[in-house]
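I have placed the structure first, in the form of structure tokens, so that the comments after it can refer back to it.
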């Protein structure tokens, strides 16, 4: 019997009974949410000049606080909010990851000493590109501070998304996570047209996909009479018939989630959005949305549809294979580095899917490890991109990276490290991740998927290596970009991600231990 | 043996390379000196270690160290050497100082990449080479196997010739293809071990202990073998080698072909055979076929090369054919021969590439045979070393390469008469292309352009002498090699369950007692 | 009448919405089609709630309405900005990002 | 039969025989120009020292009874793997003893001669280094106690010969000749390697004692195979048909080299090999017969070539080929022939060395011109050379009492014992020998002077003539000495075995016949070259002459059969490697690239097309699930 029904149905006879909620268990969500609301108020009442520092304090403070609570919660394993929220090992792990990455993302967004005009965001997103009042804003040094509440809301949404234990909460979380991101995508200070186009596409397609998700949820509800994942899985195992209803439900639900993880054929938004969005935002969402979306996907598949794995596995096999191949192949001929990394992120999603379809504890663990490793590497990668600039802003065209290794060896070295990690060379986090998912896949008998993965990795290696070739093996040209020395914000983010990339590659055991302790999803 | 010999061997060059890399810009000379000292120190340590090695010990591996690394996957940092690994480690440790000394000025005027970078990379590479040969954990081996690509990739790509980046990328991707397929089988192996013993492991000894279902073996073998065949390189997976060799600095080529590629053949005898005995037996005919083709293919192609470096590359391919052949005929003569041949080939390759490099330094860095004639007149010492190198690569009796080649041929002949006989014919073509090279470049009237080209200088001679000495001394007195290799090979033979065919006529008992029993 | 026919109706609405997204150029209209899809889902929820005899579906419908409202806000904001820059609300106009 | 004696007393120095010249070579080659002053002398000394040591050993060996004349010295075990064992060990017995003496004594003489001959060469220390290297390698060859070590010497002499043929490397012809010699010898080495392998596979050992001890137990087929493979090796080293082509080009080397390596010692290694392996050939009848055939064929090839060449050295080379043909044929005869093969080898070693050095002396006086048509009437100007050359001439023709007479006639007689045909053929061969040697002698020393204008022939210095004289004395007396005083049969019998068979014709008859044949040859030569003036331009000549001048088209045959096909294959493979193998590699890369280029076109940038593909995907997913569930 669904908890919601309990509450609503109760109204008819006796007094309204409060749903029992373990507030401490969901404290991280509450902290972030509260912080988000506060920062909205700050936008409203704190004068323009003072906003930025206040916002930064709020953002960093709240994230750190949430992180502290999350760490304190370790080992917790419960379902609260009348079964709406599941706080278990994987949830906490992903919360931790999301918060840390979110913090790094916040640092990237806070960077303002790279671009002579200020930070990465348009002073007034509503202003016409190139219009005199925009220039006015720029001259008066206005800074876009609405990004901070957006960031916090998005993070809140992600936290809920990975913890949500029924489809309704999941849907709401999905929207809370996505809507701010749509807006953030459109706020680039330079190349406004691209940025707005990215926002539009992201928004329309995102809304489109969440409609699919919702309709799928409706179908499953229709089948099982509940939106709770556990209830659904129970009904699925209990009652047969109405196969098509379940099939459509699962399928549409998948569409919504696979869209977020950018799996082929629901991936096409990714390159455009990654390229158009302000680079810090791209980094932030490339890293976090992957985690959140895969978290939800894993929960749905393992908790709710575990019984039906034989039904959805074949479909996911094909999608995983397609995702790996298409991502890798198309990336080869890209000339814009952000776009190339977008395709690379598609390919990476494919690799993670290989772990997901293993549908085993190892599969879950390997996918989680891969997500964390990938998130750190990705945010670092985009951090570097923000620093490589020429007169017109970020120099994202690959030709401008030629000979960068000669001009600024350190940054080039760090970027090469990230590339090697994404290519899955041993002693980097990417390799351990790949190793994990392949191991899980072979263990559950999907050897051929691993073969496809191997082929894809080879193809992918080519374009990762190509960047290194450009930076080191070719001589600098007149229009080779130069690296701007960033402030502490970016430096910290960059260092952290580089350190993690190596640490997880050389000594992955500690994270593996944490993941092992995290165990599986609670039902 | 409590002293962590092997770890020390790996740490010393690594530290050295860090030091070199951290030196201030412009202190190139200092960088070179540090590199030389470090590599020599490593050599000394290696020699000390080798003296501690007991050839007749009951332990399969010596100087073993083992510490858990990633217990979650049953991965441990465990190293140790048997005779085979020992000689290859020694080879690496010997060649690095030689290369450093020989390459003293190779990168002085390189537009990209700093001078110190080159030498730092060489030292890193030394660490990895020693690691890959002494790893006792298959995963650890794989890690070294793959990571090794990176420094070489940079050495080719940053310090190479015109086509360098094409060559470098081709090298890297080709090796990655092999490596990733190996990764797949590696994981498969892990999973299989998990299913058989409950807990998955990568420990070589316990993996060799399992007897895996033959059909599974046949699958897993392919992944490993493919990687090794690319590395070695075996026909038809060889085309990356000529490009890489032609584009890279002589020193790079020496380390690449002289040592790195040995990882391929080393992997076959160390991993393919003991872990997949049934599969090795099953695929032996195919492999032997590839080896035979390689022997002749490489020799024939080398016969009409006009670029010395490419010629050496193809000749190496032919030699790798011999080595592989010796491994897969499953006779102690063949396999010991292969290991000796690996060492010999390392030495002769080094001699050839370095001498050629010195020659090229003297004439616009051209590696075209047609650009040289009658060098003997202008630079007799250089020509002399060139001849020694050439002779050792055609396996002249009395040189170490002869010991290797003859044993390989003998071993093959024992098992498959016609294979052995056919392979033996290869020595004629080898002689043909080697002497053709010497005749074209060194003899005849001196080319006018080459007038007044200087002979080898002290540094260059110093670099070449040790190689030449080793080639001759080990040829006359190979016991130091054989004493350590024989026991290791016997273990391999037992692990594949193969025994040498007995002579058809039982001889008077003379000379049937091998020194290794 | 049989509530399952409402489910069929919702399916129709959903499909119409989806097709609308595919065929219409005007961003506003496309957006409306998405809203139509959401409401189709609502209809499905409600009618399933009726069929399953519990109220969850109806509760969901309320939540969805709220979310949809929020979506409208964001969506219109973005569309309007685009419109102001490009003087057109066609979603085929912004086509700089491709390949 | 023979027992192995431990190498004690003087015999503990067997290794020193080799070490001395080897050390000399090392010093001279490593020392470089520093040794220019004293280097050549050192070279002479080391070899002479070995010669003295060898003589001492000979005297010592004579003390022992014939069964106790095999001394074995094992230094250390060399190559040992599993059942395979080859030691760095030497065996000095009667057979190797005579070779040691031949090599060291003739070698020493030629070293001395070279002091004069090479006096003007700026690289002469290198020359002596190579010569020392050769002597050392040759000693290893004859002293080894197992086939693998023998192989080392075998290849070592090949290397030395390579270096010495190509000594004047600035002459492309010399370099080419050197390469040719090495490569053709390499073909012989294939035979050698395979023979050794087959021995190991059959007997489980490659040491002489081990193999010969059980040779008769192996199947005859195997033994024939081994025998033929050894013959192939011998053909390479001894320039026998069909691997004879290299010897004439080898004359590019300095004349002392031709004398020592390509007449006296190295080229006879094949004979040594066969005689040494007598235990195998005794049983392997097919192989033995083939040996005889090869020998006889080569007798004629060499003789015919020798008769047509105007180049004195090439003519002598032809004769060497032919004389070795005699030895090989004799060795093929089995126990009745081994002894005389070695006997002829020794006498030939001496008189042919003398002839070559004589030719060298002539060239020395004629500004290194080798064309006999520009010689003539040299007897007046270089009297010593004339006399000594005459001694060699008479000896090789087998005129009593010169050395060649005894050795060659023993062979012919033994040949009759095996088959009349062989005997007859060999006698005819002797006739041809008479012809070409007389032709050479007349064209060089008799008749009118046909010198070029600027040459002023003169006798060579003492340092060159003294060896000539000594060798001439050798060619006069060595035959008698070995046969009557040294009675060679009994000396060698314990090693190679000896049994006199009964011959269809009497000794006197065979002697008479061969002398008759020789006489005919001499007469023809006299008529052709003494009565008629020798034209300076070679006449067109009969087809046979032309063929002989072209070395019976041996090179052309090799070219068509071997060289051209090899290079054709090579070039084709290069093409295949670039277009085929590498083409595939690059092609697959290009394919992926093209695929990528086409696929990115689907990323049109239109949001609605993205939506479309999403819907399509959704439909597919739905269908997939429905199907799976249905199934």
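Per-chain numbering from 1; labels A, B, C and D assigned in written order.
Note that in this section a residue touches a chain if its C-beta (ideal position, glycine included) is under 8 Å from a C-beta of that chain, and two chains touch if they have at least 3 such contacts.
Model, not experiment: these values are computed from the prediction.
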{"item": "Shared chain contacts [chain B and chain C, defined touch]", "value": "A, D"}
{"item": "Of A-B and A-C, pair with higher C-beta contact tally", "value": "A-C"}
{"item": "Per Cα centroids, the chain farthest from chain C", "value": "D"}
{"item": "Whole-Å gap separating chain A and chain C, where each centre is the average of the chain's CA atoms", "value": "24"}
{"item": "Between chain B and chain A, distance of the C-alpha-averaged centres to the nearest whole Å", "value": "45"}
{"item": "Length of the line joining the C-alpha centres of chain A and chain D, rounded to whole Å", "value": "80"}
{"item": "Whole-Å gap between the CA centroids of chain C and chain D", "value": "97"}
{"item": "Multi-partner residues of chain C (each touching 2 or more other chains)", "value": "18, 21, 30, 91, 95-98"}
{"item": "In chain D, residues with contacts to at least two other chains", "value": "589, 600, 603, 605, 607, 611"}
{"item": "Interface hub residues of chain B, defined as touching at least two other chains", "value": "173"}
{"item": "Complete list of chain pairs which touch one another", "value": "A-B, A-C, A-D, B-D, C-D"}
{"item": "Contacting residues of chain C [partner chain D, same complex]", "value": "18, 21-23, 25, 30, 91-92, 95-99"}
{"item": "Residues of chain A defined as touching chain C within the complex", "value": "2, 4-5, 8-9, 125-126, 128-129, 168, 171-172, 175, 179, 182-183, 186, 192-194, 196-201, 203-204, 207-208, 211-212, 214-215, 217-219, 221-222, 225-227, 271-272, 275-276"}
{"item": "Residue numbers on chain A that touch chain D, as the complex places them", "value": "200-201, 204-205, 208-209, 212, 243-244, 246-248, 250-252, 254-255, 259, 264-266, 268-269, 271-272, 310-312, 314-315, 318-319, 326, 329-334, 459, 462"}
{"item": "Chain B residues touching chain D - in the complex, by the definition given at the top", "value": "170, 173-174, 236, 238-240, 297, 300-301, 303-305, 331-333, 336-337, 374, 376-377, 381, 384, 391, 396-398, 402-403, 406-407, 409-410, 413-414, 417, 420-421, 424-425, 427-429, 431-432, 435-436, 438-439, 442-446, 476-479, 482, 486, 489-490, 500-508, 510-516"}
{"item": "Contacting residues of chain D [partner chain A, same complex]", "value": "589, 592-593, 595-597, 599-600, 602-603, 605, 607, 609-611, 613-614, 616-618, 620-622, 624-626, 628-630"}
